[in-house]
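Heads up, the next two complexes both have chain A, just with different partners, chain B and then chain C.
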Partner chain A sequence: MSPDLLIALLTGAALLGVGIYGALSQTNLVMIMMGVELILAGALVNLVAFWRFLHPDNYAGQMFVLIVMTVMALEMAVGFGVAIARFRARGSVEMEEARELQG
Partner chain B sequence: MAVITLQTFFIAGFGLAAIGFGVAVFRTSSMMRSALALLFSQTALGAMFLAMQVEFLGVLQIMMMATEMSIMAIFMVMFMMDPGGLGAMEMTHQKRLSILAGVVGTLFIAGIALFTSWGAVIATAPPAAQQTHDLGIELLGRSMLIFETAGVTILTAMIAATAIALPSLQRNPHHEP
Partner chain C sequence: MSLLVLVILAPLAVAALILILRRASAALALLGAGLGLAASLALLHQAFDGVYPTLIMPGLPGMPLRLLSTPLNALLSAMVAIVGSLVLVYAVGYMHKDPEKPRFFAIMLFFITAMQTLVMAGDWVLLLVAWELIGLSSYLLIGFWYQRPGVRTAASRAFLYTRTADLGLYTAVFILIAVTGSSQIASTLHTSGHAALIAGLLLLIAAMGKSAQVPMHDWLMRAMAGPTPVSALLHSATLVAAGAILLIRTAPLLPADALLVIGLVGGITTVVTGLIALGESDLKRLLAASTSSQYGLMLVAVGAGVPLAALFLLIAHAAIKSSLFLGAGVFQHSRGSTLLDDLRGAGRDCPRSFAGFSLAALALAGIPPMSGFFAKDAVIAAALGSNHVVVLGVLALAGTVLTGAYMARALHILWHGERHPKTIPGQLWMGSGLAGLVALAAGLSLAFPAIEALLGQHLDEGARAQLAGLAAALSGLTLGWFFDGPRLLGPLAPWAKRNFAIAGGMDTWVLAPVLQLAEACDRLEHKLFSGVFATGRWVLTVGHTVRIIDERIIDGCIFALVRGTQSLGQQLRKVQNGLIHRELAVTATGTALILAFLILALVLY
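The block that comes next holds the complex of A and B.
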């Protein structure tokens, strides 16, 4: 296997792991969103590597990358909307204080 | 051969920088530093795309993330009780479970990356201008419906986010428009 492809895939795996740690361990909503951003960044690097090293002739691969970037922007927009609503209602975006949302 | 080695060196370097800054996001108690570390991590990823000769997406990644993380830094200052991290507040929970989940996730995906036969690797990438041209044709051709759907979804999310963020009239009965 090409070392470049392997390096890119391992980078994606490491970013996914760091993102999972951040999303699960942080108590602040904005920090949790940062973890999710890192998880999506891991997916992004994998998709770019697959397109570049395996299928550079098929541009649907780049299309996938654009979709993941869109998802990143959507996550930020909706997440900040929720953060503002939460801050207005409770004066905090600490998720430890959001136990009443539990089903 | 020397060019390929240099390319591998830069891909690995930027990849390590992206991981290092990603870890730094959760290791500092200053929220501003966290936001900046995430910005540097995403920028290193964009530079990694450039090193992989995926120019358009590399530049797009750097531009998008620079804007996104700047906004995130502003929100950090607005919403955090201690944005400078001077109080060294503990803002984590279930640390052991989180570390375990992160390590297991990384090992699982790394295992898949290592032990899968990915087939023949194509060494040469299309030229940058050709990539941009062909992506444009793809966006306005076969993938147009997906592209348009993404655009409409962004618009919907913008409206939804604004609607959520507006103060509720029910909560403020004395509110006068």
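The block that comes next holds the complex of A and C.
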């Protein structure tokens, strides 16, 4: 394993850890979503690193990363749409208050 | 055609009218019988002219009911009508004081209707119906005085005896219809082979029951419990005659073997019942036994292959026996009893009736020039000319001797004794009925050539048979007049008193086995029932168990599953509490655990 790859993987792991911490510790929907973005970003860093240092001739890895980034953008759009709707209805995006959505 | 209907419906309609009006029954009855008689005589006249009307009515599918007037049918119908009417004339006097007159006359007319139907029937179905109606009406008439002791038993006995024998007729008719496919009597008579033999023997059984032949002769003597006009009609032209008429009409069907059996049954009957008559202590029962005996002679004639002789004797006997019974009825009214001991000298009280009675008795014995002589000679000639002359001839002659003997005995007893003159109410009517029948009995012989011409057959009588018959009749009369009847019988007397009942009688030979059979059937049925019930209980138990299994175990499992799923769902609902952090935490932990497990697996293997 080359040191570059190790550094990249460690970066990805750090991003994942920060993201998990953020998603679990924050109560604001926007902040939680940011945590989730960080988790995904960690995963993407890993993917890119594996492609760049292990299989640089295989473009499927690149394509996969691009698709995941597109899905992330879509997810963000949906997530923020929910947050805006929630804010308009209740004036807050605190998730503890959203328990009333339970069936 | 309308005459055919009138013969049958006139008496029937009047019978119904009598039952509705309930008054003037005697006059109405005479009217009904007279209408029937006129129609019947008109039919006979037509038959002499060669006109034979037929009436076909819708009946069973493919088997229409037929009434038809062949020469034989017209002749028999006229006989029934004449005897019936004269007996009714007599009954007007005899039943003068009876409060139940309407019922009596209605049933008598119904009886005549049934008999006319039987005589005119052209197909087996109608004949069976008429046969049953005769049985029914004779039962009603024998049991007319049902309040008196023993009458109901006698009526039931007569009914059951004839009814049992009727099974023979039913079976014979079924066989004939099955073999030929037609219910018309005329077309079934061409049957041959085994079917004809079996059917012939079955017909014989039916005739034996109705005509009271040995061993089914017992009921006729007991049937004397009915009023005397009933006995007169029953014994001459109707019930008892039905058996002989059946055999005469089906004579072309009968094969030689069946004829021999018929001749033997008739011969044995004529001797056995002749002996019974000789030992009898009651005038009416004596006459009843004599009826059996005479019908035995008719069966001998049928058996000898000459049904025409039987027909002559039937017609002559109808007139003779009804006049004898009517005479006996007069004596009964004068002494209030029919026991011979009570009737000693009764003949002197009513000399005119006695004269009629004697004429009829001599006619029955076979003294020329009366009808009985010619008829009986025809029978004896038939017996002597048959293939079995040794058996049939001897039996026929013995029967003739016995006839003379018991008739002479009755005359002797009626004439010798003290006089107890007494005026009898209704004697005019009774006398005229009696006179008419006696005249018929005496003069019927004049009509025999005409009958032969009508039927297109001729009987050769032969001097031999005439001499033998006359000798037998005279010797019988002499014996009976000079010797006491029971003494003549000698050691046979106690047997004759008991009607030659088979040892132990019905009780031992029929009743006990039947009862045993019934008990066996009963036991078998009980066993079958217990088996069926056991099976039923077992099946019920199985069903019950299955239901319990279904309810407790299968349903229980399913409901438990349902409850389990529901409670699991309840539990899982608690997890879904909407706290997104906890869910995220659980997700992260779960993912971490799975990851750890995968890594562990990767490292270890």
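Following the convention adopted for this analysis, the second predicted complex is superposed on the first by the 101 of 103 C-alpha atoms of A that agree within 3 Å, B and C clash if a C-alpha of one lies under 4 Å from a C-alpha of the other, contacts with A are read in each partner's own complex, and residues count from 1 in each chain.
Throughout what follows, a contact is a pair of C-beta atoms (placed from the backbone, for glycine too) under 8 Å apart; a residue touches a chain by one contact, two chains touch by 3 or more.
Remember, it's a predicted structure, so these values are computed and weren't measured experimentally.
A.B. asks: Once both complexes are superposed via chain A, do chain B and chain C end up clashing or fitting?
C.D. replies: fit
A.B. asks: Is A:R99 touching anything from chain B or chain C once the two structures are fitted on A? First, second, both or neither.
C.D. replies: second
A.B. asks: So which one touches more of the residues on chain A, chain B or chain C?
C.D. replies: Result: the larger residue contact count on chain A belongs to B.
A.B. asks: Who does A:T11 touch here: chain B (first), chain C (second), both, or neither?
C.D. replies: Touch partner of A:T11: chain B, not chain C.
A.B. asks: Would you sort A:M63 into first (chain B), second (chain C), both or neither based on which partner it touches?
C.D. replies: first
A.B. asks: So if I take every C-alpha atom in chain B and every one in chain C after superposing, what is the smallest distance between them in Å?
C.D. replies: Nearest C-alpha pair, chain B versus chain C: 6 Å apart.
A.B. asks: Need the overlap of the two footprints on chain A, from chain B and from chain C, as residue ranges.
C.D. replies: 20, 24, 27, 96.
A.B. asks: In the complex formed with chain B, which residues of chain A make contact?
C.D. replies: These residues of chain A touch chain B: 1-22, 24-31, 33-35, 37-38, 41-42, 44-45, 48-49, 51-57, 59-60, 62-63, 65-67, 69-70, 72-74, 76-78, 80-85, 87-89, 92-93, 96.
A.B. asks: State the interface residues of chain C toward chain A in the complex, per the touch definition above.
C.D. replies: For this pair, the touching residues of chain C are 576-581, 584-585, 588.
A.B. asks: Looking at the complex, which residues from chain B come into contact with chain A?
C.D. replies: 7-8, 11-12, 15-16, 18-19, 22-23, 25-26, 31, 34-35, 38, 41-42, 45, 48-49, 52-54, 56-57, 60-61, 64, 68, 71-72, 75-76, 78-81, 91-95, 97-99, 101-103, 105-106, 109-110, 113-114, 118-119, 121-126, 131, 134-135, 137-139, 142-143, 146-147, 150, 153-154, 157-158, 160-165, 167-168, 171
A.B. asks: Which of the residues in chain A end up touching chain C in this complex?
C.D. replies: Chain A reaches chain C through residues 20, 23-24, 27, 32, 95-96, 98-103.
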